[in-house]
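Per-chain numbering from 1; labels A, B, C, D and E assigned in written order.
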Amino acid sequence: MTDATQHASLLEADPRTRRRNAAEMRFRLYGLIAVGIGIAALIALLTSVLGNGSSAFRQTFVEIPVLLDEAVLDKSGTRDVEVMKKVTTVGYTKLIQTALMAELAEKGIALGEMTPKDVMGLMSKEAPADLRKQVLEDPSLIGQTITFPAFANGRVDGFFKGRVSMESAKLDSNISPEQLQLAEAMKEAGLISTRFNLGFLTMPDASELRPEAAGLGVAILGSAYMMLIVLVLSLPIGVAASIYLEEFAPKNRWTDLIEVNIANLAAVPSIVFGILGLAIFINFAGMPQSAPLVGGLVLTLMTLPTIIIATRASLKAVPPSIRDAALGVGASKMQAIFHHVLPLAMPGILTGTIIGLAHALGETAPLLLIGMVAFVRDYPSAPPEGFLDPASALPVQVYQWTQRADPAFVERASGAIIVLLVFLLMMNAVAIVLRRRFERRW
Amino acid sequence: RDNVQVAGSSTVLPYATIVAEAFGENFDFPTPVVEGGGSGAGRKKLCEGVGENTIDVANSSSRIKQSDIDLCTANGVTEIMEVRFGYDGIVFASDINGPEFAYTPADWFNALAKDVVKDGKVVANPHKTWADVNAALPAQNILAFIPGTKHGTREVFDEKVLVQGCEDSGAYEVFKTANAGDEDKAHDACMALRTDGASVDIDGDYTETLARIDANKAAIGVFGLSFYQNNTDKLRVATINGIVPTVESIAAGDYPVSRPLYFYVKKAHIGVIPGLKEYLEFFVSDDMAGPDGPLAAYGLVSDPELAATQEAVANEVPMGPLN
Amino acid sequence: MSVGLLSLIVLGLAVLGFILGRQRALAAVKGDPRDLHSLPAYYGYSVALFTAVPALLVLAVWLFVQPILLQSSVSALIPASDIAEGASIDLVMSDVRRIADGLDAVAAKAGLSPAALEAMRADMTDMRGRLAEVGVALGADVKPSALEAAKAWRNGEATGRLAMSGVVLVLALIGLAIALLRVKPEERARNIVEEFVKVLLIGCSLIAVATTFGIVFSLVFESWHFFKLYSFKDFFFSATWNPQFRGGSSLGLWPLVWGTLYVSFIALLVAVPVGVMAAIYLSEYASPRMRTVAKPLLEVLAGIPSIVYGLFALVTVGPLLRDYFAMPLGLGDSSSSVMTAGLVMGLMLIPYVSSLSDDIINAVPQSLRDGSFGLGATQSETIKQVVIPAALPGIVGAILLAASRAIGETMIVVMGAGAAAQLSLNPFEAMTTVTVKIVSQLTGDTEFASPETLVAFALGLTLFCLTLGLNVLALVIVRKYREQYE
Amino acid sequence: MNDMRILERDVSANTAKITARGVQVYYGESHALKDVDVDILSGTVTAFIGPSGCGKSTFLRCLNRMNDTIAICKVKGEIRLDGADIYDKRVDPVVLRAKVGMVFQKPNPFPKSIYDNVAYGPKIHGLTRSKTDLDEIVESSLRKAALWNEVKDRLHAPGTGLSGGQQQRLCIARAIATSPEVLLMDEPCSALDPIATAQVEELIDELRSQFSVVIVTHSMQQAARVSQRTAFFHMGHLVEYGETGQIFTNPKDPRTESYITGRIG
Amino acid sequence: MNDMRILERDVSANTAKITARGVQVYYGESHALKDVDVDILSGTVTAFIGPSGCGKSTFLRCLNRMNDTIAICKVKGEIRLDGADIYDKRVDPVVLRAKVGMVFQKPNPFPKSIYDNVAYGPKIHGLTRSKTDLDEIVESSLRKAALWNEVKDRLHAPGTGLSGGQQQRLCIARAIATSPEVLLMDEPCSALDPIATAQVEELIDELRSQFSVVIVTHSMQQAARVSQRTAFFHMGHLVEYGETGQIFTNPKDPRTESYITGRIG
């Protein structure tokens, strides 16, 4: 054997030690770089999402006093809602138009060559519908003059947010520079303001003609319902399946087969789960289309493999001595697992759950086939009936909005992503706190 | 079930949502649920059977096929109403800051076909720039984003642009003789595209095409008229045969590239699903699908025969056999 | 009695059983749990199980079997002549079922007595109209035989329901009584409960298996149709993918498979080193504080919807790669490429590798690290030679999961890699993957019964088999290199 | 094999608690225990000695079926506890292990508090009626394991934070808290200092009045001090088994003799 | 059993290899070692004895900075190896640990083959040029650790499949394969049988000629047999330190005396 003096002096490193230390530093650096790459990617993505999407939470409103003319809205004067329903949004549009023209005249804003229709172009098409709803809910408003905040047209909104400019308006068939100038004048007159828009979180989706009115209310509810189902089903089932496979199942070809099979399920494209859901839940079991229940079940099946794989890996990592210790004091296998092994495997299980749920929350493809990628304007009711009502989901909303022609939907899609991420973070926060409590080294 | 359920073509989807939204606002019925998912999938869903858990209306950007009708019959869906409510214009557009383009179908054929005819002989497409194809066009590299084969638009593009151009340029006859008079093979040869990257299939939607043009300023893309109308500040539209695509020029039949839009209704559901009939009538009413309605404002080319359609809907006339 | 109410009652009985069983066990030993074989709660659980499980099982089976029996008895009432041309008895029976359901609603709406309902005649009343009023859609007018069949169905169902409620409740009560009588100090209550839990666990793991069967069956059927329309040989042995609208498409599988493998490979090339190194850094080097912050941050990457990555690939990464790599290297000028999609997808997969690996690495006992440090190994040597090998099975599991996700991803590929199916080695060319084509063929405008749409199912099935093969391979490799600690 | 089961002395008054006949153990292919016959008497401390790797731990683990947890391990032959075959299908290994407690060679406390470590057994076996009962059991077990004074102020600190010796004593406390009928100890004192060892040995002697103890040890001194009977294993064979005094002073088998005399422990 | 081979050789002739002055160790709040001064001589075996939990392992781990790996552990005072302060900022703990090897209380073989376990140290330190060199080192280390005969046929079987004692000997072989200058052994024989213990003790005696050995042990016999100098720890204090013979026969501190006389090892 070599003699003892070969070792380097303590204070002065020999070349080999220096090499090893350099390797150590490099390795450490690689690690740091890896974390850095991840964080940098995150920052890049988040800044682009935040940069594009934060403006979705602000909206431009037009506020004018509107006289709710009885002669237009309720000719009979009976305040009978059924009769008043006969007046469609067209009637309300005229009302608003009159009010708008009057207000502009009063503020002394010159209209140039613009027709009243052009002026009305500054307002969202949502405004009359909104007004109609208010009046039908409270017929006593008729005859009064009310000031209500109406959405400005998406292009006008874009102008105040910097998305639309005078130059682009020249080329734009939906808005003209004159209209923008008018909008500016109205802003100076205090008729137009841009402020926080809660409606983005609460209102339902809107059609392509009124991007400014599109909101995430239905999608948030739908996603929440689905995640509830996914969490309640996939976590216990996944953990139970993993426990059986890892701790009880005999180790033979059959269990190998199941193991491979589960790993394989994780690789099945998510749309295939949609095909499965369509075949089993809708066609075979007769569940309704577009229902969060079906969506939740499909996503559960999709999430299960992820949770099972993560859980099995962390069950495997619990040292056998802990099992021995429990069995040695007379615990049954079941008790040993539920009392000792499972708590120790908890961090890994929670990680699997976080990742699985994140995947499920952001997935659109399987929903495509079970009717959840739909335009839904009515809120689902409260659970449990709500699980069967048509609903949308956050990723679906993102997916649909990115497909719309009006550029105003781009910011809304990014805004929806922000909401999705906040949703995700809230979901994960719980799991992360739990994971911290279970983490320990032995 | 108390809401109308609609599924199908993503081209029809925006129109259907506009109608559904207005319907929900002005009627007592809940807003219909409108799904995309493609014409084929929509018609398949329509034909899955009668009853609450099947859809009521299938949107389609192309006519129903015999195989769909057979499937419907097999599942007890015997009466279907066919409603054509307008036309979709297909336009060619490039980046707003790029040069102007004025095409003929023959230009497109010569730019994108796998084989073209030069001096009476079939040769592999040698054209690099648009100017190579037609000296009147700018000398910009050929790069076209055309709809992928999953899109109904592609069928129209193949039919009305490539084959038309093929015939116009006389290549069709050459292909036909080369294939010993086989018309099908000649057609196929007209529609075979070059694979050197000058023609790029887009499987996504028009927003993707737009984003690609943004990333690749020297490209031409294929869009729907409505999409272009919402993005006139970013896109410069090209003319075909000297005609600018507008709602008017298409309705007049001057602009050559357009296709009809349909929806199909399961008649057994009318009178059963509350609001279905009202929805259908509302959809084809002048207030909606008429030339001054919101659909036209959005880019739908109104059907000149809309009145006949309205009547057919009012009388619930089921469609006859395909011809 | 409705099924929901019935199950609630049974569950209520089970809770009662739990309380009684527990009390009885304690009473049998005069309140001293030490003389019991198992903990008192186990006696309670065992009684509850005996009460609820057989009853609920019977309930489930009954619900499944009753319609089948009814169907066979009722369908005899429909004369063959009443089955319309082109229709089948199944179709008529589904009408019958809907009529039967609708009759209740009709009766409720019109306030009809059961006798009046019984007397209703299809040739007298406009059944179709009345049913339509209550929201039941029928394809055709109601034939008298169908109405009679529906009435028979309805009666049969009512009787069946009643019998079911009786049987289930009696069964629950019998179970409760027997289980209570069996409660004795020496009864192995814990074993019973644990056996039950074990069955439950097996049931849960069977869900995964059932899912596989479900997937295979839902794919096989339509794939079968596909292969009837399109030659098996062309699908598997052709190297062109070129679907056409009016038929005559080439639907060769290989360009798609190649694209899938290529994109996934590049994605893993990014995700595995970065993910594993990040996991190592977080679990071995980083301070606990950094770890608690950085790990969830990385996990956010997995939660960002893939469409965001897709846009990132399309707008930022694609042009960047084209302008700074592909063009100068003369490898083409396509901004959508395998490289773009792979790189961006790799970013998305980082947390799959890093988070799971981090947990696994963290679980490697400290004594192994001590052993290595004690020999004068540097930390990196310890990690590379001791910790990682010990954690390898788990890490491979994480990588497999990431690979699986890569294979199943669509949005990033569509936007990053384009939709062109081709066989090429150049990573800067546009390609596409199996999954993308499954989605696009399935949601396209082509008619459903055409090979162009049905190919999606065949692709799904092929991909399923392909990944199965890869997983088997991975399992074999892990088995070979596994290093078990302790 | 030498049949050493001729019992004299007051030991003969004790009945056989465990009888093992023809026990064979295989780990996969390798034959780890070969045809072992042993009677473990009640109220007696039995020591297993022998060179490392001879199969002491293996045999010990057969006695409460801890070998069941090793997939490749196969046990043949017959082992009876109070006349009942413990490898019978109807036997619940859990009940068996509650009767036959075990302390392992490597200390393996649960990653829980010290209190919970000890209280775990009594809790799952329902040995207590109240929290006070449980506190009492925990305290008395910790006292018996000579650990009480060191940990009484930090009963709720994690058991894994103790020193090696403390951990092992914690494991002993955990095992005796369930008051088993037989206690198997696999080198329980190898991590203990002399004083703690003396305390544990005292404890073992005390426990003997209530139940049988089987102890694997490498210290022949310890075997001599605490056990009444000793079994010597060698290469998987039980070479000699008999009264401790006789084994140490007058071994019959040359292998035993050479092991004993080569002793240095 | 009292075959205390007190060595006549002149211990004082050996120079101090390690000098520790005023060493304090804290685990978070708790003060585990209090003001310890020790000189470890070269060519000498030093034994640390004391009751469980007194801080022997803690001090041992200070000597090669293994305490660095415990986040809450803080070391104060001065420890010098060959005159160089090992807690100096410039000192690389990796080089230090190569010079000061360690064997742990719980056997902790790597989940690798037996061969790889032993070859690990030489490989990372680049002690060999060729495969044959390495084979040689592995064989001689295993021989010295008295394990060669048992494992020579299964060098490529996993080290974790060995029995407890075999595992510990494997860890010793692994430690000496890197030929450190100082070898720290934390109860290396607690899992070994007498014969293996004797072999290891012989090995320690052999190693002494090349470098210093520090051994923590609970067996006073062992301390007496193998060590030339003994340190007695109690409650974190170094109570007494001196020549082994003197400590055992004529302890100065009453605490040492009561520990030694209450001895039972």
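Here are a few things to note about the model shown:
One rule holds in what follows: a contact is a pair of C-beta atoms (placed from the backbone, for glycine too) under 8 Å apart; a residue touches a chain by one contact, two chains touch by 3 or more.
Quick caveat: nothing in here was measured; it's all calculated off a predicted structure.
Counting steps between touching chains, the shortest path from chain B to chain D takes 2.
Ranked by number of C-beta pairs in contact, the top chain pair is A-C. One inter-chain figure worth recording: chain A and chain D are separated by 60 Å, centre to centre, where each centre is the mean of the chain's CA atoms. Here the CA centre of chain A is 22 Å from the CA centre of chain C. Spacing of chain D relative to chain E, judged by their CA centroids, is 29 angstrom. With centres set at the average Cα position, the gap from chain B to chain E is 83 Å.
Counting partner chains per residue, chain D has residues 92, 94-95, 106, 124-125 touching two or more of them. Of all residues in chain C, those touching 2 or more other chains are 190-191, 311, 365-366, 378, 381, 442-443, 485-486, listed in ascending order. Each of residues 1, 36-37, 41, 52 in chain B touches at least two other chains. Going by the touch rule set out above, the chain pairs that meet are A-B, A-C, A-D, A-E, B-C, C-D, C-E, D-E.
Taken together, the chain E residues at the contact with chain A in this complex read 81-82, 84, 86, 88, 90-92, 94-96, 98-99, 124-127, 137, 140, 179-181, 210-211. Residue ranges of chain E in contact with chain C, taken from their complex: 64, 66, 69, 71, 93-99, 101-104, 106, 108-112, 120-121, 124-125, 158, 160, 171, 174-175, 178, 180.
The residues of chain D lying in touch with chain C in their complex are 92, 94-95, 124-129. Across the interface of their complex, chain E is touched by residues 288, 365-378, 381, 385-386, 389-390, 483-486 of chain C.
Residue ranges of chain B in contact with chain C, taken from their complex: 1-2, 9, 36-41, 43-44, 49-52, 60-62, 65, 67-68, 70-71, 73-79, 148-152, 154-155, 158, 184, 188, 191, 195, 197, 200-204, 208, 211-212, 214-216, 266, 268-269, 271-274.
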